[in-house]
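These are the structures in question, set out in turn.
What follows is chain A paired twice: with chain B in the first complex and chain C in the second.
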Partner chain A sequence: MRWFLDPRLLTSLIVGAILAVLMLPPLVMLVQGSVLSAGGSPVWTLSHFRDLFTAHRGLETMANSIVFAGGSTLLSLLIGGVMAWLVERTNAPLRGLAWVATVISLGTPYVLHVVAWLFLLGPVGPFNDLYRMLGGNGNLVQVQSMGGMILIEGFLWSPLVFLLLGATFRAANADMEEAARISGATVLQTVWRISIRLAMPAILALALFVFIRAIGAFEVPALVGIPSRIYVLTTAVYDSMTRMPPNLGYASAFAVVMVGLVSVLLHFYSRLSANAEKYQSVTGKGYRPRPFDLGAWRWAAGGLILLNFLVVLVLPLLALLWLSLQPYSRGFSLAGMKSLTADNYRAVIEAPNYLELAANSLIVAAGAASVIMLLAAFAGWIAARRGPGGRTLDQLAMLSLVFPGIVLGVAVMEVYLRVPLPIYGTLWIIGIAYVIRFMPFGMRYVYAGVLQLHIELEEAAGVAGAGYLTVLRRIVAPLLTPAMVAGWLFIFLIANKELAIAVLLASPGSQVAAVAVFDLWVNGQGGELAAFGLLWTVLMTGVAFLFFFQSRRGGTDIYGN
Partner chain B sequence: MLQPLKLLLRAPMLVFLLAAQAVSPAHAAGADAALVAAATKEGALVWYSTLIVNQITRPLALAFEKKYPGIKVQYSRATSSDVALKITNEARAGRLQADVFDGTNTIDPLQDAGLVEPYLVDAAKSYPQDYRDKAGLWTTMNVYFLTVGYNTDLVKGADIPKTYDDLLNPKWAGKMAWTTDPTSSGPPGFIQNILAVKGKETGMDYLSKLAAQKPVNIPASQRVVLDKVIAGEFPIGLMIFNHHVAISAEKAAPIAWARTEPLVATANLLSIVKGAPHPNAAKLFVEYVLSEEGQREVAKAYYLPAHPNVPATVAELKPLQGKFEARTVTPDMARAGIDGWTALYQTMFR
Partner chain C sequence: MTEPDLRIEIEDLVVNYGDVRAVDRVSLSVKRGELVTLLGPSGCGKTTTLRAVAGLEDPSGGMIRVNGRTVYSAAERRNMPAEKRGVSMVFQSYAIWPHMTVFDNVAYGLKVRKVGRAEIVENVHRVLDLVQMRQYADRPASKLSGGQQQRVAVARAIAFSPEVLLFDEPLSNLDAKLRVTMRVELRELQKRLGITALYVTHDQEEALAISDRVIVMNGGRIEQIDTPEEIYRHPGSLFVAEFVGNANVIEGQAETTPGRDGSLGFRTASGQMLRVAPGRNASGTAVALQAAYIDLFPPGRSDAPNAIAGTIHRRMFHGDFIQYLVDWPCGQLLVRRPPNDLFAEGSAVVVSFAPEYCVLL
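So, the complex of A and B:
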C-alpha cells in the first residue's frame, strides 16, 4: 500500500519523469511539424514529405548525405586504423605523437579545423602553391567539392577512430597471432589473415558508428558544402530554418527522415557491437600482446606516424597561427612574414565579448555535464542493477541518440518557442539541448562503471543495516567517482566542440565558442577567428589532457557511442 | 461564455494600443537630458547589426559608451535574414532582447510582423527626404555602393572588367565569387540592377549567361568574399562594397574596385524594435549614431555617412566625387521586389 515510500521506486519515478520531460517533447514536436501545414489553422498533410521528393532537390540531398558519410567513414577508418595498429601492435618509433595529436584534437572545435583546412587545401594554400611552383597550372586540389568534404571530414574523425580501434587492438587475443608467426607467416600475412579478421566485428561496428555521426555532421557540409552547392540533410535542415520566413515543415520532414535513418542504423549498430564484445575473449588477463617487430620498416612506420601528426595536427594549427598574425588573409609567403602583426590578439583580448562568450561556453558546458552526470548516476545505477523501471529509464536516456545535433536544435527551439517558459535566447535553452544530446554518454559512463562494481559490496552494506540512500552515498558514489569524473570531462569537451546543436539556439546575448567561431567566419573576421580559436584550443587542450589521464586512471574507455 | 473572457483578455491590449497611439510617433528633442537620464537608468542596450564588427560595429559601440559611460552596448553581427529571424523568434517566445537593428532588407519581414517601433529621429532632420521613412520606421545610417572587386596581382590592364558584359568572358568561368546574402546588397541586388538596366529580355539573357559562368556562392558576408579575392582564391568578387576595398587597400592589400556602371547603391537602415527592453537607451543610441558626431565615427571607419554635413574619408567612393554612375535601390523598391529577385537567384544560381 505504501509503495510510494519505497525509495527505489520513488527515485525511478522522479528520474524517469525528468527524462521524459526532456526527451519526449522534441521528438513529438518534430513529427508534428513534419505532418502539419504551416499557417494559422494547421491541418494534417503529407505535402512536406512529398516536397522532399519533388522540390528542392530532396533526393539529391539524401544521396549526397550517404556518399559524404560513406566516403569520410572509409577514409577515417583507413587513417585511424593504420595509426591504431602501428601504435598499439608494432615497435614503430614516435608512437607518442599519435596520442598527442589525438588529445589535442579532442579539445579543438571541429569548425576551427574546417576553417584551417579550407585555407590549407584552398587555391592559395600550401598544397596548391607547391603544385604551381612545381610547374602545375591552376589548382591540384579542388577543396570546394564532394572530394574535399570527404577528405576534411575523414581527417576530423581519424583521431577518434584511432582511439577506439586502439582499444580493440590492445585487447585483442594475441595467441593466434603468435601461432601464425611461429608457423612462419610474415607480418603482413598475420595482420591480414588473423589480426584484421579478429578485429572485424569491432571495425564494422565502429564504421557504422562513424557513419551515423557523419550523417549528422554539420561543420564540413556548411563551410565546404554550401559554397560548392552540395547540400546534405543537415545543411538542408539548417537552410530551411534560417530562411526568412523559416520553413519548419520542410525542415521537420528532412529531420524525420534523418531520425528514421539513424534509428535503423543504430539498431544494427547495437547488434554489431554486442557481437563485437563476444570476440574479445581474452580481456582482463592483464597482459599486453607482444608487438610486431617491423625490422627495417620500423622507420618507414615512424615516418607515417610523423606524417599523420603533421597533417592532422601541426598543419591546421600552423595555418591558424599564420592567419591570426596577418592584417588581411593571404597565403603562406615570405612577403607575408614582413606584415606579421599582433593586432588580432590585441582585439580578442581587449574586446569584451570574447571573454564573455568564453565564460558562457564554460558555464553552460559545465552545467550540462553536471546535470547529466547527476541524472545518469541514478538512472545508470538503477538500469545496471535492474531496479524498478530500469529498462525504461535506459531507453529514455538513450533516446536522444537518434537526434543529429542540428535536428535537436530545431526541435528544442520549436518546443521552447511554444511553451510559456521564457528561455529562448538564453544559455538555458542551450544547456537543455546539451543535456538531451549528451545524456546517453553520461549513461554509458555510469553503466560501465557500475558493472565493474560487484553487487556484493552493496548487499553487504544492506545486510549491515545501511538504507538505500546510505548505500548510494557511502558505497556506490565513492567507487563510481573515477567513471563519473571521466564522463563529466568528456561531456564538457564535446559540448564545447560541437557546433550543430547550438548554432540555431545561440543568441547574441548567449553566444558559445563554437558558434562564435562559425559567426566570425561568416562575418569576415578571419584574423580574429584564428586568434580566438588558438587561445581557445590551448585552454581546451588542458582539459583534454585532464580527461585523458582521468579516463586512463578510471579504466573507462568510452568515447562517444 | 467565451466572448466576455476574450474581451477581458483584450482590454489591457486595447489600453496599451491607445496609449501607444497617443505618444507615437514621438518627436524627441535630440539627446535631451531627460532621454539621457532615462537611458542611463536602463543602463544597457542590445544592437543586432549586419555591419562588420571589427570595422564599424565595435568602434561605434565603444564611442557611444565613452560618451554615455553608464550605458553598455551589447552588439552582435549576423546576416539580414538571421537578424530578422532572431527578433521574430524572440517575439514569439515572448522574450525580446534586441533594442536596435540595422541592415538593407532586415526591416521588411519585421515591419510585416509589426515589430518595428516608429521613431522620428531628431538628429536626422537635415537628412535628405529619401534617407528617412515618413513614419519613422527607419533612417539611413550609411550608404553603400556595390561593384566588382578584383585582385590587382591577378587581374591587370586590359583584363580589368569595365562593363557587366566583361564578366561573361570565358576566362572568368568559375573564378568569380559572391555572397549568398539574400538582400539588395547581395545577388538579388545585382539581378535587379541588370534587369533594370538591360530590360527584362536582354537582362534575363545576360543572367543565364552569367549563371553559366558559375559564380561561386560563399555562404558568408561580402567581407568574406572580398578577403578571398585579396588572398587570391578568386581573382574577381561580385557585389563588393567599395568602402571595404578602401579599408583593405589602406593596409596595402592587393585589391581594387572596378567601375562597372551603373554601380548598385543601397542603404543601411537603422530601426528600433517594438517592445524593446531598453526603449530609451535605444532612442539615445539611434540619436547618437545619426548625429554629426556619430556620423563622423562612421566616416572614420571608412563607411559612407548619410549625414549631409559629414564628408566621407575617401570621397571618391561616392558617385559625385568618384565620377561614377550608380543606380539606387530605395527601401521601397527593395520591399516590393526582393522576393522576385531572390527567387531568380535561387533558381538560376544555386
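So, the complex of A and C:
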C-alpha cells in the first residue's frame, strides 16, 4: 500500500488541513493588521503599538483590565468557593438551590444578567430606592463605576466557580479530613489546615482561569463601563472598530496585546492545572465523602445559600420580569403594579423579527456545535491515542483559546473581508467564528471521553480483525456518544450565551439573540428586551437542564467556558 | 460500673444507610492490650462498625463506650465528635497529608493538643524510630512509597498515645510480600506498646495471624467471636466454615446420642458413617472439615479414624503445601498435605481425619 493510502495518516491529514484553514488565518491576519498602516498601499509600521502608549488613555485601559479582571476573579472565587464547599462538603440545608441557580444561569445570556443588575443597582433600582426611603440622599450605589463592574462580573462568574470547585471538593479524599478529625482537629481546624490546603492548587488554577476569561469579558465592560467612560481592553477594541471610520490597526494592536497576555497566562494556567492533580493520592474504597456536620451553624449556612440564590438568580429574574411588564423603565413600587401590561410580550410574539432572531440563533449554534463535535471526534481521538500528528492536531484545535471573543470577532472579520467568499454579513461568518471559538471545548470533551475508554477495547477490536476506520465507527463512536452529546449541548449553550464574538459580525439581516438584546439595550427598549430575554432564558434553561442530566448520566466533566 | 479492663464496649449497635441496615445489633468488647479483628466479606458491616467507634458514622441505635466513657448512646442521644473520643485510626488509603512533611504529619495530633515544641519533637522522633522512618522526617509526604506511607500512618496514629487504635484494612494496598512483613511488624509493635486495637480486614489469613480474638461478621451481624485457633478448627456456622480456611462441607444427618469418646455418628448423604465432633447450635445436617486436617495414606490402611478409600483426581503443587482434589464417596474432597507427601494423580488412597476436626454445623 502506498503511504498516502494509509487510513491513519490520511485521516490525520484531512482533519489537520481543515483545522489549519480554520484556525491559522485569524491569528495571521490579526498580527498582520497590527503592523500594517491603513490606506491604499499598506506599509509595515509599528505606529499602532506606539499609539497604544501615546494615545488617549492607552495605559489606563490596560490597568483597568487588570483591576477589573482581578477584582471580579476574587469576588467570584469567594462566592462560588464558599457555595461549593457548603453544598458539596457540609450538611447545610437548601443545598439544591445552588444547583438550580447554576443551571439557570448557564442558560441565561450574560447580557441579560447585566441589564438586570444595571436596573437593580441603578438610580431607580430597589437598593437606591430603599436608601432614599430610609432618609438617604441621592444614590447609595453608584453602579456605573469600576466597583459596579467588578460586582456584576463577580456575580456572573460565581456559578461557574461553584461548578468547577464543587467537582474538586467532590473528588477530595475524605480520608484526609477524617484523619485530621481522628488526630484531634475540630471541623474548623480541619478545613483550614487540610481541606483548603489540599484544594489550593486547584483553586489557584481556577483563579487564573477566571482571570483569563475576565480579561476577555465584554458584556459588563460594554454595558456598564462604556457609558461611564471606563474602558478595558475589550471595549477599547470594540470602540475603535465601531467608530467612524473604524481604526482596524489600532484595534488589532490592542487585540495582539490581549492575545499575548492571554497566551502567557494560559501557559502558567496549564502548568498550574497539571499541578492541581498532584495531591490526588491513593484512595481507599471510595467512601462517599461524608459531609461535615456543622451543628447549629448549618442554619446559618443554609441562610447563606438562600441569600446567594436570591441575589444571583431570583433578584435578576424578578427585575427582568418587572421590566418586561412595565411600559417604561421604573423602580419597584406599588404604583407600578397598576401599570402592569403584557404589551411587551405581545410585541415580541407578534413581531416577526424576534422569531427570526431566535431561529437564527438556534440554527447557527446548532450548526456550529455539530461541526465542532464532528471535527473534534476525529482530532480528539487521534490526539488522545497519540495517532499520527496527534500533538499538532491538539495544538491547532486548542489555538483559539488565546482569542478573547471580541478579538476573534475582529480577526474573523479581517479574514473574510479579504477572502473572496460572499459570507460577510451573513450567518455563515458568525457560524465560522463560533466553530473557531468553541473548538477547544469540543476537543476537551472528546479527549477526556477517549481517555475514559480503556484502550484495550480498541485493541480487542483490532485483534479481532477490525480496520482503523471500523474501530472508530463501531467501537469508539458508540462509546463516546455520551461525551459527544454533553459537549454538543455545552457548546450550543455557550454559543447562545456569548455576545462578544457576534457583536462585530452580526448585521441587520443576520442577528443572533445576544446581539439583539445588546442592541435593544443601546436603543433603550428595556421592556421588549426583558420580555424577549425572559422567554429566551426559559428556552435555554430547558437545554441547560438537558445538559446537566446528560453530563451526570454520562459521567462527563463540565468544563468552564 | 464498667470494668476498667475493657477499652471498647459496643452494645446492640445499629447503623443504617438509608433503607439498608449495614450493622445489625452488634455487641462486642475489647480488653486492654488486646488486638481484636473484625473479619468478613465486603459489605458485612465490619468497616462501618469500626467507623462508628471512631465517630465517623451516625449510628441509629445502641451504645459505644471507649475506656469507660460513653462516646455514643442512642438512649442518651449522645454522639461525641471524633476528635474528642481519644481514639486513633490507620486508614486503608493511609490518608497521609501530601502537603506536609513526614514530621508534620506525625506531629499534627500533638500540635492540635497544644503540646510543647520540645515534647512534640521528642515524641515524633520516638514513634518514627519505632517504625524505622526517622531518616525520612523532613521528606515531603508526597514523595513516599506505599510501604513508607503505611509506616508514617502508623506512626501518626500512635504519636499522641491514644487509648484505642483502630485499623481499617491497613495492609490491603500493599503488595503481597510487603503485606506479610508489615503484618509481623504491626503485631510486634502492638504487643510491645500494649496497644488496644480493633482491626478490620477481609483477609482471613491476616486475621488469624495477627489477632488475639477474631470476630467473623456477615450481613451486618456477628457470626462468631473466638480465638483464631477456635475459629479455624471449630467454625460455629456454615458461613464461618466457608469463609475461614479451606473447609470441606459434607452434608448428611447426625445421630443424636454421643459415643463414649464424646464424638457423634454422622451419616453422609451418600451413606458413609463418620465420627464427628458436636458443634455449638448445630442443626446436624452438615459437617465442616478443614483441608489441612485430612491425612492421606496408601491403600490398605484401616486402623486410622474415619478411614475411607478414595482416588487422587488432581494434584497441585503450591510450594508450602500440596493441594489434592480427592474423589471419594461423598463427591470431591479438598486435601492439603506437606510438600513431601506425594501421591500421583489417579492413584488409590485412604482418606482419614480425627473426629475432633470434623465439626457438626
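Going forward, the second predicted complex is superposed on the first by the 554 of 561 C-alpha atoms of A that agree within 3 Å, B and C clash if a C-alpha of one lies under 4 Å from a C-alpha of the other, contacts with A are read in each partner's own complex, and residues count from 1 in each chain.
Note that a residue touches a chain if its C-beta (ideal position, glycine included) is under 8 Å from a C-beta of that chain, and two chains touch if they have at least 3 such contacts.
Remember, it's a predicted structure, so these values are computed and weren't measured experimentally.
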item: Partners on chain A (chain B, chain C) - clash or fit; value: fit
item: First, second, both or neither for A:Val111, with chain B first and chain C second; value: neither
item: Partner chain in contact with A:Ile230 - chain B first, chain C second, else both or neither; value: neither
item: Chain B versus chain C as contact partner of A:Arg197, first or second or both or neither; value: second
item: Touching partner for A:Arg181 - first (chain B), second (chain C), both, neither; value: second
item: Chain B versus chain C as contact partner of A:Ala222, first or second or both or neither; value: first
item: More chain A residues in contact - chain B or chain C; value: B
item: Minimum distance between Cα atoms of chain B and chain C in the superposition (Å); value: 51
item: List of chain A residues in touch with chain C within their complex; value: 173, 175-176, 178-186, 189, 193-194, 197-198, 200, 278-279, 281-285, 290, 293
item: Residues on chain B engaged by chain A in the complex (per definition of touch); value: 46, 48, 52-54, 58, 74-79, 81-82, 84-86, 88-90, 92-95, 97-98, 109, 180, 216-224, 226-228, 230-234, 248, 251-253, 350
item: Chain A-touching residues of chain C, taken from the complex the two chains share; value: 42, 47, 54-56, 81-83, 87-89, 91-99, 108-109, 112-113, 142, 146, 149, 156-157, 160, 168-169, 173
item: Complex contacts: residues of chain A adjacent to chain B; value: 122-124, 144, 222-223, 226-229, 242-246, 327-331, 339, 347, 351, 353, 413, 416-417, 420, 422-426, 507-509, 511, 519, 521-526, 528
